[in-house]
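The same chain A turns up in both complexes below, where it pairs with chain B and then with chain C.
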Partner chain A sequence: MRVPIQIVECATSRPVEAELFDEVTVEHFLETQKEWRPVVLAAAKQLAQSGAPGQILPRHFHWDWSSKEGELQVLAFSFFGITCNAKLQGLMKLDLTGRAGRLPSQKGKPVVYVDYSETAPWNIKALMQALGSGQQYAVVGTRLIEAAVRKSIEEGFKGRVALHSLSGSERFYLEVCGMTEVVRDPTKQNLLWCEFTPEQAEKFLAGGAA
Partner chain B sequence: MNSKRTMTLNLTDQEMKVLEELSTQKDLSKTAILRQALRLYQLVDVRLAEGGKLFFEDQKKEKAELMVL
Partner chain C sequence: MKMNTDKAWLLKKAEQEDGCFVSVGGLVDALEQVEQPSGNVIPIRQAFMRFVQLARRDRRLSLEQFAEKVDVDLVELFKIESEEHYKPAIRTVHKIAEYLQIPEKKLLALAGLLQVKDAQFQTAALKFAARSAPVEKLTREEHSDLEEIVKFLCER
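Moving on to the complex of A and B:
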């Protein structure tokens, strides 16, 4: 699957053409290690040295997508990427089995679980500011979450999506996407479990969450 | 979206009853339940082939049951 989408070029505040795809390969994982990780690490060091508050520090500096190569052929997982200007701008891994809603109204009903979602470091304002540069593209993360909701609908899960949010991303999932804050999970580094009900997912896709 | 192929599935009354119950409990279509079952089966099979083990633990965490497919 490859579909045209639009993301926003920050320098001009104008929408630009990008591509959402699910044919993710190990080459994309290697691209994150080669192109993304050094930038994330450099920004993390800069932020730490400048005494930036803990919630701004990137918590994903150690992620290694290439460790997920073996999962590319497993039906339980689905991967999505976004490219623009011939570069990978975002990557996401979804878990399609074995996760259920935790909201009382959704308990026991299957959700698409966003296991990993990462945007390229040049699309994260705080990281680029730390490196004395500007953010390149916006709404990449939003487009990935939209893809997760659409996958949930395609799977028959009616838009139910859940994830454990890193501390620096909670505002994005709760305020921008409109997910519900459910519970801090002591089995997952006390990360916040956030969830879309079918109604919230529909509103998000319609553009009414932000 | 990937293209889909159609197959006919013959189930016993009891199997159909379980499928219908799961469909109601999980708020999923019967097709979605069966696709979930296939995904789960493959995932467990891959993990076991990698040397992993699948356990069910009771609520008191006293008794673990090893599952082998």
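Moving on to the complex of A and C:
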């Protein structure tokens, strides 16, 4: 699947053409390692030297995509990527095994679980500012979550999506996407379990969140 | 997949995002989440148990030989065939599907790892599981095995 989409170029604040795809390959993993990782590490180093609070520092750069190669062929998982200007801008891994919702109103109902989602470091304002540069593209994260919601609808899960947000990303999922803060999960290092009900997912797609 | 094409929505989201972090996963990937099985998972898994048993026996393979051919751990295979509450690893089901040349998605569903909405599939799986309740006469070998274990238990 390849779908033309638009994301926003920050320098001009205008929409530009991009592509959402689900044929993720090992080469995409390698691209995150080769292209993303050095930028994240350089920014993290700058942030640490400037005495930035711990919670601003990226906590996800040791994610090892190469260990995920075997999962590419497993149908219980679904992978999505976004490219723009011939570069990978974001990647996401979904678990479609039908994990159960935790909101009282959704208990036992299947959700699409976002196992991993990340945008390229040049699309994160704090990292680019640390490197004395500007953020390149916006809404890559929003587009990935949009894909997760639409996949949930396709699978018959009615738009239910859940995830464990890293601490630095909670504002995005709660305020920008409009997910519900459900519980801090002691089995996942107290990360926040956030969840979309079908109604919230619909509102998000219609632009009503936040 | 039809994505939103509304430019106003896009620009509004860009403003709200404001270049924030959106990361999920990574740190916690290795930690397995404990899941509560949903109502129909156990009977479906019984169907999976029976399917694996029959597929193995049909090939006249011992557990050990089957585990070796499929390239899965013997202990896991034993649990798959004997414990209805056991949740097999996705990779294991993938290997079994590959060896038996069964559509992977169907086998994942039968193993209770994939939610299926297909009522026909669920009914077929339940019927198959229900037939696993043994009524047939024991074979000579089974009878001999049973006598042996009874003797052993009585001696203890």
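Side notes on the structure shown:
FYI, the second predicted complex is superposed on the first by the 209 of 210 C-alpha atoms of A that agree within 3 Å, B and C clash if a C-alpha of one lies under 4 Å from a C-alpha of the other, contacts with A are read in each partner's own complex, and residues count from 1 in each chain.
In the analysis below, contacts are C-beta pairs under 8 Å (C-beta built on N, C-alpha and C of every residue); 3 or more make two chains touch, one makes a residue touch a chain.
No experiment lies behind these values; they were computed from the predicted model shown.
With the two structures aligned on chain A, chain B clashes with chain C. Counting the residues of chain A that each partner touches, chain B and chain C differ, and the larger count belongs to C. In the superposition on chain A, A:Thr32 contacts neither chain B nor chain C.
Of the two partner chains placed by the overlay, only chain C lies in contact with A:Ala126; chain B stays clear of it. Once the two complexes are overlaid on the shared chain, A:Pro110 sits against chain B and chain C alike. With both structures placed on the common chain, the touch criterion links A:Lys158 to chain B but leaves chain C unconnected.
Once chain A of one complex is fitted onto chain A of the other, the partner contacts of A:Gln135 are limited to chain C, with no touch recorded for chain B.
Once chain A of one complex is fitted onto chain A of the other, the partner contacts of A:Gln200 are absent, as it touches neither chain B nor chain C.
By the touch criterion defined above, A:Gln89 lies against neither chain B nor chain C after alignment on the C-alpha atoms of chain A. In the superposition on chain A, the residues of chain A contacted by chain B and by chain C overlap at 1, 70, 74-76, 96-98, 108, 110, 154-157. Across the complex, chain A meets chain B through its residues 1, 70, 74-76, 96-98, 108-110, 154-158.
Only residues 1, 3, 5-8, 10, 13, 15, 20, 58-63, 70, 73-76, 93, 96-100, 108, 110, 114-119, 123-126, 128, 135, 138-147, 150-151, 154-157, 163-166, 168-169, 171-173, 175-176, 187-189, 191, 205, 207, 210 of chain A touch chain C when the two sit together in their complex.
The residues of chain C lying in touch with chain A in their complex are 1-14, 16-29, 31, 33-36, 38, 90-91, 94, 104-105, 108, 113-115, 117. Residues of chain B that touch chain A in their complex: 1-2, 25-29, 31-32, 35-36, 38-40, 42-43, 46, 50.
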